[in-house]
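Following: one structure in structure tokens, then a few remarks.
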Amino acid sequence: MERNLMIAGFGGQGVMTMGKLLSQATCDATDLNVTFFPSYGAAMRGGTSNCYVVISDESIGAPVSDMVDDLVVMNGPSLQKFIGDLKAGGTLFINSSIVKDKIERDDISVVSAPVTEMAIDMGNPRALNIIMLGVYIGYTKAVDEAVILKGIEHKFEKKQKLIPPNIEAFNKGLEIGKSQVK
Amino acid sequence: MERNLMIAGFGGQGVMTMGKLLSQATCDATDLNVTFFPSYGAAMRGGTSNCYVVISDESIGAPVSDMVDDLVVMNGPSLQKFIGDLKAGGTLFINSSIVKDKIERDDISVVSAPVTEMAIDMGNPRALNIIMLGVYIGYTKAVDEAVILKGIEHKFEKKQKLIPPNIEAFNKGLEIGKSQVK
Amino acid sequence: MEKVYKKTLGVLPDTVSGFCPGCMHGTVHKLIGEVAEDMGKLDKLVRVEGVGCCGLGQFYVSCDETIAAHGRACAVATGIKRSSPDSLVYTYQGDGDLAAIGLAETMSAANRGENISVIFVNNGIYGMTGGQMAPTTLLGMNSTTTPGGRNAEEHGYPMHMCEILNQLTAPTYLVRTSVDTPQNVIKTRKAIKKAFQNQLDEKGFSMVEIVTSCPTNWGLSPLDSLDFLRDKMFAEYPLGVVRDK
Amino acid sequence: MEKVYKKTLGVLPDTVSGFCPGCMHGTVHKLIGEVAEDMGKLDKLVRVEGVGCCGLGQFYVSCDETIAAHGRACAVATGIKRSSPDSLVYTYQGDGDLAAIGLAETMSAANRGENISVIFVNNGIYGMTGGQMAPTTLLGMNSTTTPGGRNAEEHGYPMHMCEILNQLTAPTYLVRTSVDTPQNVIKTRKAIKKAFQNQLDEKGFSMVEIVTSCPTNWGLSPLDSLDFLRDKMFAEYPLGVVRDK
Amino acid sequence: MGEQRVFMKGCEAIAEAATRAGCRFFAGYPITPQNEIPEYFARRMPEVGGTFVQGESEVASVNMLYGAASTGIRAMSSSSSTGISLYSEGVSYSASARVPIVYVNVVRGGPGIGAIQPAQQDYFQATKASGNGGFRMIVLAPSTVQECVDMVYEAFDLAARDQNPVLVLTDGVVGTMMEPVVLPPMKTDAELAKLREAYADRAIVGHPLGQQAYCRPGSVGNGQEAVNIEAAKLYDTWDKDIRVENRMTDDAEIIIASYGISARISEVVIRELRKEGVKIGMIRPITVSPFPYQAFEDIDFGRVKGILDVEMSIPAQMKWDVEYAVHGRCPIKECLRSGGQLLTNDQVMAAARELIKEVL
Amino acid sequence: MGEQRVFMKGCEAIAEAATRAGCRFFAGYPITPQNEIPEYFARRMPEVGGTFVQGESEVASVNMLYGAASTGIRAMSSSSSTGISLYSEGVSYSASARVPIVYVNVVRGGPGIGAIQPAQQDYFQATKASGNGGFRMIVLAPSTVQECVDMVYEAFDLAARDQNPVLVLTDGVVGTMMEPVVLPPMKTDAELAKLREAYADRAIVGHPLGQQAYCRPGSVGNGQEAVNIEAAKLYDTWDKDIRVENRMTDDAEIIIASYGISARISEVVIRELRKEGVKIGMIRPITVSPFPYQAFEDIDFGRVKGILDVEMSIPAQMKWDVEYAVHGRCPIKECLRSGGQLLTNDQVMAAARELIKEVL
Amino acid sequence: MGKVEINVEACKSCEYCVISCPKKVLAVGDQVNSKGYLYVVAAEPENCIGCAMCAQMCPEAAIEVWK
Amino acid sequence: MGKVEINVEACKSCEYCVISCPKKVLAVGDQVNSKGYLYVVAAEPENCIGCAMCAQMCPEAAIEVWK
């Protein structure tokens, strides 16, 4: 089974980090195939930035898709730009702190979390992406949560004191994600 | 009928001029096809220099050949280098002032003229090539002598006083050429 | 009240530039537009765009434009100006474009005294490709291809293009400016105007080197990059007229 | 009697060079061979040959040799020297090669301070291809691409490579010599030796610019070309040390 | 006859023909065996109010050409082999931005610096990939000085019509030999002005606000793909431009496949062999791109027993295109020289005789 | 599994694999999407006593590479599309002088500056004419990061064996994506010294009198032709090096022809369609030069009803090679994107379904 | 007396205008535009003298000035 | 006292040696070598001081000197 995800947002919202963490952790702690593909180019110069993660137990074809299973949007412009790339029956994850637009499609599931606010509330405004990763994993169980926890530990190996707050952020997200499973 | 000629000698011996005069004159005064091909490259830096002239009443293929009908050699090294390119039954024209080597082949005709000496004697040391052209035309009648005379007039159009001595040189050569026809 | 500063027609209305926050490519684009508009030459203006972050300007400027191959703007401009002498032709080039890959083209056009205006944006880095060393990168400055900072032994020294071109006889006007203060913005505008006027007067090759920042690849906020610009870049690249003949 | 001048082992025995009568490429080839032989370095010598009449030297010299693409000798030498630091690497380049097509490579290698020795033979013309304008062609001098003589407006001015490179920080030794008299031959030999010694001492980039003649394309006899060389070329290209650090 | 004929060197005839076709800008860098082209332009352009620039390199020259042609003027360059490699990027830019440059490759021995003597070794580069990105061009391959003149003259029209680069692929033999040639008429300034006017909208010369012209050799988003689709459509229209000479192929049992200088040599061989009664003919691609595959498809393989591929390249190059169409339906033998070594009539004759012996 | 896997970006994996293969010299110039290759080398080379040089241009870089490789050291460069055009001359020199350079093209949209996003538009340039003169190279086309690693690692051996350039042709997707990869072993200094020793005679490093080494990218007289004949002989030995993947072609009625990134996408489509019972397979050229024509010749055209050529290039390029072998024996349909627009699984699926509908 | 008008969609919050204003008229606001930037506003418009220093500096040509 | 030996096949008759010899030892001879050049000879060998000025100048390394 192949599952593919696109994550999109402003340059500063940690979109790439989120995708890389998910995919790196999956590589390290599972036998699954996984690809991470950053859409490059426009990325650096402001505007939206996005990346793709594909996880599969078979070999992976294109690491990109215009028919993704899951779409994470961290800001309004990303929603507008990419909503059409979400397949019918797919799941949209929204940073509801910023994305206020009404969702016009009714053939998809929507999972909302005010990750910007939550991160600020946690005193860790840059952690919005980790919270969102929690939401995503909590809702989809794309990989086991332990995989991500290991991944966080690995990522902050050299900055140990960042591990607890990020795990906290991830767990906060997890809860929300799980709670929205219908 | 196609007739091809190679002319070879030292850089300063007017080898190119001889070939160009013959071919240009043929173009101007006849309906024949004619090509002139300078072998370039080594030419400038001393050593031997050579060129090819092909005259034909049909379309001309390669403007070069390693089986020429006629070969003019103005110096010793050229003889050594190119004698093998003369076809059996072909004619070798030799500047006998300089080329002293014995001709090893017996399947060719040899026409000799001491053109360097003759030119010096005429007080026109650079005219050795024009004399040789005379020899060539006189012997082969590759084109009518009038063609070359016109060509000389044309070439020295802007230096009229050079016409008579060059015509004289040409005629000297013609005589020798004709005299050697068997 | 009267409008004393308006957005120039030299950039497209209702269009936001593609540059990063604080990027001075924006400032320079604006100034070029203002000068050409002032001179009533927008309809004769031909931009020969180098390859670099200036490429983000291609959907921003409102004048005829061609994109030169990376580094070859001065050659392309030579072709254009010689074929269309009435056009007001400028190249817009970054330091990688003008001083690395395009060094021969820049210098040879300058040496021929081509009647063109060169706008040279020196931000000490390859902006577009993500922060590699440029010929003008400062010693000690980090770049993605000089981890640990540029060092003289391995990477050589920052190149001073105005001074190098000043060794050639032909160039008419060589000046180094910046846009870090309103005063310097005004000076740069004047320099660009002079470069354009020289061209109209058929005086030959002019180059305005504008020392700028690249907040993104310097890894600094726009305001911090201003400090770095003044403290470090100006020390290596002193502002001023190098030649004016 | 003792042999006080012998043919160097640096050129092949029993081989006649391919150069024209009076061509100073021959002299320079000979001097390089003599210096390397003197220094006991013939077996470490690597010649990076530019493209030009120096190409006629490829069947004449007796040392390891590679032919660089036209203009790229300094880039090729960079690759060789960095991969084989024990080799004594020199480039041999004409003015078209070094100052036109290879301008960026020459200057960038100089700017990096590559530890190589550049032998630059400036004869003010493209010799090999039959006399086209070089960047160093004198004003007024005829060439096949400047009928009527080089004129400043159209073709720009002669380029002074020593002086241009002197604008860069890295180069160690920049000198202009000639081989028109026995004394100058001796000076040039010393300059080449110094350039080689700098390399052995890891002092970085050295360039010996040798102002020479091209009797064939100048359309002068060897002896007349000596006069032209002294009267006209030296006036534009003054001999002497430009940098020695 | 005779009165209109002038005796000219291939390179000079090319430059004169270009001038008569309206070329008013030439940029180039010296390289044997085509130095006479820039040298001729250096003399000729001032006479007609045009521009000659000796670029500081081939890279600079092709970019000058790109700039000049983007203004709508007729512009040209020329080089040879290793120099043409340095044109790759600029030609690719021109194809992408649809700038109608015209250029000439007077091929010499390769690869690398090769030899300055003539060869036909740039066939693949000319016909398949003159730069990155998979663009195509019309590539004309003259085999006489007269054809050089005619094709260069026409190249400007083709380039303008398609707003696409056109390459004239010749070699050091045709470029340096002299032969009689009839020159085409000089286009008048009025004609030229009209030609330039037709593309004034696209000319990069300055336009009133709102009417700007952009010359874009690349694009973001969907832009570049759209450009490529557009270009592919253009290439599809070129069937009509395919040119090929079928010489005595009607009853031929042996066919020589050859182009350019090799073809004119082969021509003589055919003439001689025909005199002997051998049924031999030639298919000569005149446009080597687009390649006249159909001419080879149309061969009656019941009758034709063998093909002799004659070219001055080792390994063979055009042979692939011939094979593409022939696909094993008859043997294809090679008659090759390369690296600056010239084919002669006799060599081709010998190869032809050998093939005849084998298959007839 | 799992324990040896590292998660790496294609470009970085390429650089690490090269380092492990013994590459000790890298020269290159920044260009998207392969900046991570030079950047990685900038960090990595000092650790292993190697050299990284940022060339002042692609032209300089490829010539540095030529110089470095001529000393017998393992040396590499990389660039992308428009930058690769600027390599043309240097690559041609390397092929002529038989200098074993290795280089990587991380293809982006073209022609011209094109788009910085991935494409496969340099196929013709890579396989037919990477420079003047008609030389050839082995060109490897990986479709995963793992294959990038394996092929770059091997490329140095192939280059050394043949003393000829080798090109690894990948694209911006594979170059910039991350995926799990198993790295090959690091060659020891002793191994490398031995490898270098094998060609010490040819190394341009200085030799005692009488044993000089000459690196000649061209020659006068008969020299260059002899070089070309020698090279042609080398090329003829490459049949053994042809690599191709036949995936489920045994019973296939539809065959996808595809390479590199397009092939891995096609793979998924085949997997899905097979689940539906469609008899579809793929022929994937792994060496795109020499091209596995035989694999296509060997197709049972009694059974196979159609071929789908899948590539990220408009117009199609590899299709020409497929046609060369298929010669009309079954229809060949195209599924293309270009200019930086990416193929997706769904697009290939849709094209495959359409072909199935038409021919089955 | 002067007046500035800021094109909020064009503003990228670089603050060059803020630090260049001799009268401290400008400040980063608390609203983001559609690109996500906290755009600049005239916090103390009454102090504006219309000197256009802010506009000179603005890389985005986002400021127009009246006087 | 000195002595020069001229490699006649290498000499191209440029005369650089001739004009450089302080003792006017050398002169262009009347024989051509196989390349057609009138090579230089020691016309007045007895005047030679072995200073090697001629050899320094010779582009063709055609002169060897004894002293």
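Just so it is clear, A, B, C, D, E, F, G and H label the chains in written order, and each chain counts residues from 1 on its own.
The criterion applied here is as follows: a residue touches a chain if its C-beta (ideal position, glycine included) is under 8 Å from a C-beta of that chain, and two chains touch if they have at least 3 such contacts.
Just so you know, these numbers come straight off a predicted model, no measurement behind them.
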For subunit F, the least number of touch steps when starting out from subunit C: 1
Graph distance between subunit D and subunit E, where chains that touch are linked: 1
Pair sharing more residue contacts (C-beta pairs) when A-F is set against B-H: A-F
Centroid distance [mean C-alpha coordinates] between subunit H and subunit F, Å: 59
Averaged-CA centre spacing for the pair subunit H and subunit G, given as whole angstrom: 84
Where subunit D and subunit H are represented by their mean Cα positions, the distance between them in whole Å: 25
Distance from subunit F to subunit B - Cα centre to Cα centre, in angstrom: 55
Residues within subunit D bordering two or more other chains: 19-21, 67, 69, 100-101, 103-104, 108, 112, 130, 135, 155
Contacts with 2+ other chains: residues of subunit H: 12, 35, 37
For subunit F, residues contacting two or more additional chains: 32, 56-57, 59, 82, 89, 93, 97, 112-113, 115, 217-218, 220
In the complex with subunit F, residue positions of subunit A that touch it: 2, 20, 23-24, 27-31, 33-38, 40-41, 58-67
Partner subunit E, residues of subunit D touching it in the complex: 51, 67, 69-71, 96, 100-101, 103, 126, 128-130, 132-133, 135, 144-147, 155
In the complex with subunit C, residue positions of subunit F that touch it: 29-32, 35, 38-39, 42-43, 52, 54, 56-58, 82, 112-113
Touching residues (chain side subunit F, partner subunit A) in the complex: 1-2, 5-7, 32-33, 115-117, 172-173, 176-180, 261, 264-269, 271, 342-346
Residues on subunit B engaged by subunit H in the complex (per definition of touch): 10, 12, 46-47, 75-77, 98
